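Listed next: structures, encoded as structure tokens.
Heads up, the next two complexes both have chain A, just with different partners, chain B and then chain C.
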Partner chain A sequence: MNNITYFKDQFEQLQEANPKGTIANLRQNGFDEFTKDGVPTYRDEDWKYTNVSSLFNKEYQIAENSSVTLVDVNALRLPGYKQANELVFVNGRFMANLSTIRSEATDLIVLPLEDAAKGEYKDIVAAHLNQSSNYLNNGIHALNTSFIDGGVFVHVLKGKEPEHAVYCYHILDARENPSLALPRSLVLVDESSKLQLTESYTTLGSSDSFNNQVMEVVVKENAYVEYYKIQNDVANASQVSSTHIRQIGRSYVHTVTITLNGGIVRNNMNLVLDAAGNETHLYGLYLLKGKSHADNHTLIDNLKPNCFSNQLYKGIADDTSTAVFNGRIMVQPDAQKTNAYQSNKNILLSENATINTKPQLEIFADDVKCSHGCTIGQLDEEAMFYLRARGIPKESAAVLLLQAFAADIIDQIKPEPLRSYVSKLIYEHLAIQ
Partner chain B sequence: MKEKPDTLEQAVLTEYKYGFVTDIDTDVIAKGLSENTIRLISSKKNEPEWLLDWRLKAYNHWLKLEEPKWANIKYPIINYQDIIYYAAPKPKKQLNSLDEADPELLATFEKLGISLNEQKRLTGVAVDVVMDSVSIATSFKEQLSEIGVIFCSISEAVQLHPELVKQYLGSIVPMTDNYFAALNSAVFTDGSFCYIPKGVRCPMELSTYFRINTENAGQFERTLIIAEDESYVSYLEGCTAPTRDENQLHAAVVELVAHTKAEIKYSTVQNWYPGDKNGMGGIYNFVTKRGICKGDHSKISWTQVETGSAITWKYPSVILKGDYSIGEFYSVAFTNNHQQADTGTKMTHLGKNTRSRIVSKGISAGHSQNSYRGLVRASKQATNARNYSQCDSLLLGDKCGAHTFPYIEVKNKTAIVEHEATTSKIGEDQLFYCKQRGIDAETAVALIVNGFAKEVMNQLPMEFAVEAQKLLAISMEGSVG
Partner chain C sequence: MLSVKNIHANIDGREILKGINLDIKPGEVHAIMGPNGSGKSTLASVLAGREEYEVTEGAVSFLGKDLLELSTEDRAREGLFLAFQYPVEIPGVSTTNFIKAAVNEKRKYLGQEPLDAVAFLKMMKEKMALVEIDQRLLSRSINEGFSGGEKKRNEVFQMAMLEPKLAIMDETDSGLDIDALRIVANGINKLRSPDRAMLLITHYQRLLDYIHPDFVHVLYNGRIVKSGKKELALELEEKGYDFITDDIDLAANQ
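Up next, the complex of A and B:
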């Protein structure tokens, strides 16, 4: 409970410093909700398989200042960074001095969230920020909302297709104390524009870290979005990462989530299809070792007719790891002619690993085509035999097959330097026994 | 779809066929539930002390529980004090043969299409008939007892075979299992009891027919089936209730035990009164059914056709404890008007080389909500566990809902689990194909739905399959438009 007192103190300090405005109100609502709901337990259906209570019994510091420098940032840049806008978050705060914006201001605007909420984007922020709470009504999301501070607002302007992608580096400085980060961002992809967004996470130091992130993306008519999330942090780095994408105009969204390492990793990937004719593709890959626990929750809420969505999540669980997948497709009464597909495939490699999967369909419209499938199995014995009969050692054969299993998802990473980078990461990850 | 033709409007008005009330002398106790109610039920049934203690223990546990809220169903709060917990046609004297039964009773069942007299002559099915709280008659008892099969009401079993009842009652569904199981354990009034001795293949289908007759009465029956080593039994269950405006509660518990190499096939055609087309009245069917494959190579198979009840809350499950044991679940759930169904199964793989198969077909029409909820769990010891699940939903109309909530938990690396589900409406091309050949829309839909459900219907014993198909057709009437 120390933690809760700590949060309360921090929250009150924050509110005292910035008592007015849209964001302060949201914070207040968020904190009220957090006080009411508390931390979810296994009794909450959405958290049945992921116990987050252990993340809340540490002496976190929501650190204001950090000694993270450009040298640290250099060490974790993703390939292709020279062509990208790099947004750096340290302990959940957007650091303008460490970030590099390469796009023209006529294409892409990056502002601290507080500034956006006051200036010309006032109405937009008020209209779109925290819409996610309608779907993510749990204490963890509320905690993020109560500490909206130092967030970022990204706007891709109407009709613009910036040639520079956006990379977000989340750095958690756990060199001295356990680090808690609560980053919040709002991304607006305007009409007929295009955005390629990649997020990666790094914990510095050996203490525990907990990244409780919420990113909201609003996609307007005719826009095109690619979103990549690469989670390859250290074993004591945990995160609850919520991405709430609302397609409010007929648009296209493509997301890939890669989870390789980490402590407890929970991803909420929400897609709200709030316009007719939307198209959405969700892909995910989780390759777990050691004690990692990865939980991918996806939600596709079809509100309007003629939407198409496709989901493919694949995973491998080794050692004592646990993989959870929960895919939920909702088709509301108005959403006739919805086509929604979902598939979840898992390989269990160890005696002590666990896989829990729960694909859900909730359908209130009749003229729909929805399907889901999931499998849990092992490496194909015949394929193993084929390879070994050709002189390939057992371990190499297994890596080869697992790589092929992962390839479906890797291929969905469209930008080239990133795809090779992830492919290499995965190869190395699989090859280390 | 196109407008409804008049004939269909007529069909909508078709009333529930089994909705009549039989005016029969009934022994009814006062409404309400307390320790005294339980003592009264127990004394009326002349029960031994241990059973009364067991009931009271269950009751005290029930008081501590809260009604489950997780199911995808909505209903007003049930007032458990407003229910009659015991109602029995009287006089309850021991019947030696069906000829001695109250003619009014026989007529009732005649009307329901269960001609007890005819059953006597026809071979094939032995029937236990339960009206409200008590078992009225059991046919073929003698023939069955010759080969050692015990088939009687559970109250009779308590008197005649207390050692068996004591050993198995509550061993699969403990009284602490859930809210409705605890309630049932406290107040159960009757039900069927079957015991198949070692090596016996039961020569006929055993069947129980449940009927709720009295107003405000709740039905709480308890069924216990024990199949000893290398035995086989096929058991059928059917049910109906009169048309009434208020909701009635039916909370049953069914327990199955299959020993080594035994096989139990349990089929249900559930046709409780579903409420009228505005959702008034109807039975709340909150049932706990569970079987255990205790011995190696044993098999339990559940088949259910769910067309009735205002609300169905039912998950027939199998615990696969013995090595090489098999669990099966075949289900057709049809909901129309304002019906709600949240049904599915649980397959718990504990033994090695265990297999399970789930085939669930949900059909929703009108304003109904139909959910499949299932759990497949392969525990750490369940080497080579294998599961295949398929659940398909068909939507007829744009006001209904179809939902699937499959939970899959695997802790063994040699387990293979597959699940697939689809939701769609009847294909325009299929309809077109039929109509082009001169088949009218309603017949065409019936044809397609029957085809959709066929995989499950095929699992039913012949006597039931015909009835079930007809039932499906009746329930569907007027849902096409």
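Up next, the complex of A and C:
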């Protein structure tokens, strides 16, 4: 790896500046692990189809300073932003001056992670930050932990239904150098509260970017979470995006991950069902063209009884793109009466595109219902002929069928402004040949 | 309008059509009958442009154009309509949006302005009444969960909306009970006009009780072996295909 020295220098500077406390300790452990494990290669089963080590051959800068302004932010606001809290991250750091918090402080708290780790939230941060390392024990995750700096803590207060949603805009400034961002966030969704969280990603400039993100979400009793991830960045923008959600009280989580563009995109979507009676829905859609590579790894760890989970991921791979789906469901000995369903459906549009799909069920309880299924097919020739026989040209017929294929995932985006926005993005994405 | 000259067609290297000749003039209704495997549906597929079939010999002219040179979609936009024997279910595509796209693609091809929402809805209402189809079916995905009769009615409705010059009805009577058959046949009859021709492909005579053809052709082993007026259909019903095919098989063996 060319840039190990660079990481070491950067890490030491960071530790010298802030040598003490929970976060500094986590960083130290993270860096030790990173130096020990290194970056995963195709020899690691979990990274067999996704060559992240190739991302480390670039001269990245973990840039602290950036000239990103509100004008740049304006250009990438998502529809519905006027009713949302907008959190802006530049090169992985939370920028309070570019962010807009519209909710009342009695409903929603947004703090720099470092501040939260010191003040009244210090026990919460100590208890929940980096729980994800129990599941994501690899060098990529450890690298993010080594550089926890400028992260954010979000707390949706107990019994509050914030009137506003939370939009996270990740901006990577690659106008001068290849940019590496390592954003870290911790979100606590307290009892009986409700959160709608959306993340989007934008690289500025023409150099490569690499966003290695970890978000940890803790969901308490009777809370309700919708989580949307919209990945539509440029072709030389890569990311490993790890979302680690722990439902520690009986609660409801609904996630939708949309991947339309990018270089190498790896999503880790982990759900730890650590209370009886949890309900979880995971949806994903990847529509890949060019040389894009999208890898969705999902994990549902059923620790307690009577949990329900449903997963549906759908994808289309064209040109020389590659898609990977790995859906792992674990049912621990205590998790009796688990219901876990999983389905992955794919369409290959080109002879040079690749799809790898793998369900992975590990069941240690004896009274459970689990199912999985995956399909890889082509556009339905009969349907194509039917549409063309009514005068609809071949290209438009294909777009109609692909839109129809994508529709049941798009429909899972519940807020109307976001759904129309994504629907339009997808139409444009499919219609451009 | 349609002139088919000595068409030979293969699928997977097997010759199915062995020299078909057929002339259809505006306003005429022709019925093609024949036993299973005689090549009836192959003829419909070749005319509509299904790519699995390879035409090895012969020519087809449609309204003065070389039909075989046109893509499937251009054939449709020139005014050829195929009512499918097995209409395809397409989940996720609403019937209304699909028909609107089809109508406007045709208009674009003919150099006409697209229909606006109001004009399109007005046209839908008229044609729905004509073929007795329920609005609820049209708001659903194309043919998804439709009964056999609903699918065939949807085919006739699309035909009404697209106003073709030549409609090929491929086994439109198959899988219909007597009530559904009557409704579908009524719809087709209402769409008969002096400048629209129809080609009915059917195994049984019963469709012809409702739709009276001008000409009846018997297709057997890839050739039209007998043509006549509508009385030929009645004769076939009474005597079965054997009365024609036995003679031919005999002649072939001699």
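We adopt the following convention: the second predicted complex is superposed on the first by the 431 of 433 C-alpha atoms of A that agree within 3 Å, B and C clash if a C-alpha of one lies under 4 Å from a C-alpha of the other, contacts with A are read in each partner's own complex, and residues count from 1 in each chain.
Heads up, the rule we're going with is that a residue touches a chain if its C-beta (ideal position, glycine included) is under 8 Å from a C-beta of that chain, and two chains touch if they have at least 3 such contacts.
In this text, all values refer to a predicted model and were calculated from it rather than measured experimentally.
Overlay on chain A: chain B and chain C fit together in the combined arrangement. By the touch criterion stated above, A:408 is placed in contact with chain C alone, chain B being left untouched. Of the two partner chains placed by the overlay, only chain C lies in contact with A:388; chain B stays clear of it.
By the document's definition of touching, of the two partners only chain B reaches A:373; chain C does not.
More residues of chain A lie in touch with B than with the remaining chain of the pair chain B and chain C. Chain B and chain C, viewed from the C-alpha centre of chain A in the overlaid structures, lie at an angle of 70 degrees when rounded to the nearest 10.
When the two structures are aligned on the shared chain, A:217 is found in touch with neither chain B nor chain C. In the superposition on chain A, A:400 contacts chain C only, with no contact to chain B.
When the two structures are aligned on the shared chain, A:359 is found in touch with chain B, with no touch to chain C. Of all C-alpha pairs spanning chain B and chain C in the superposed arrangement, the closest lie 14 Å apart.
No residue of chain A lies at the contact with chain B in one complex and also at the contact with chain C in the other. Chain A contributes residues 380, 382-383, 385-394, 396-397, 400-401, 403-405, 407-408 to its touches with chain C in the complex. Partner chain A is touched in their complex by these residues of chain C: 48-51, 71-73, 75-77, 82, 84, 87-88, 90-93, 98-99, 101-102, 105-106, 109, 141-142, 158, 162.
Contact residues on chain B toward chain A in their complex (touch as defined above): 70, 380, 393, 395-425. Of all the residues in chain A, the ones that touch chain B in their complex are 45, 49, 333, 336, 346, 348-378.
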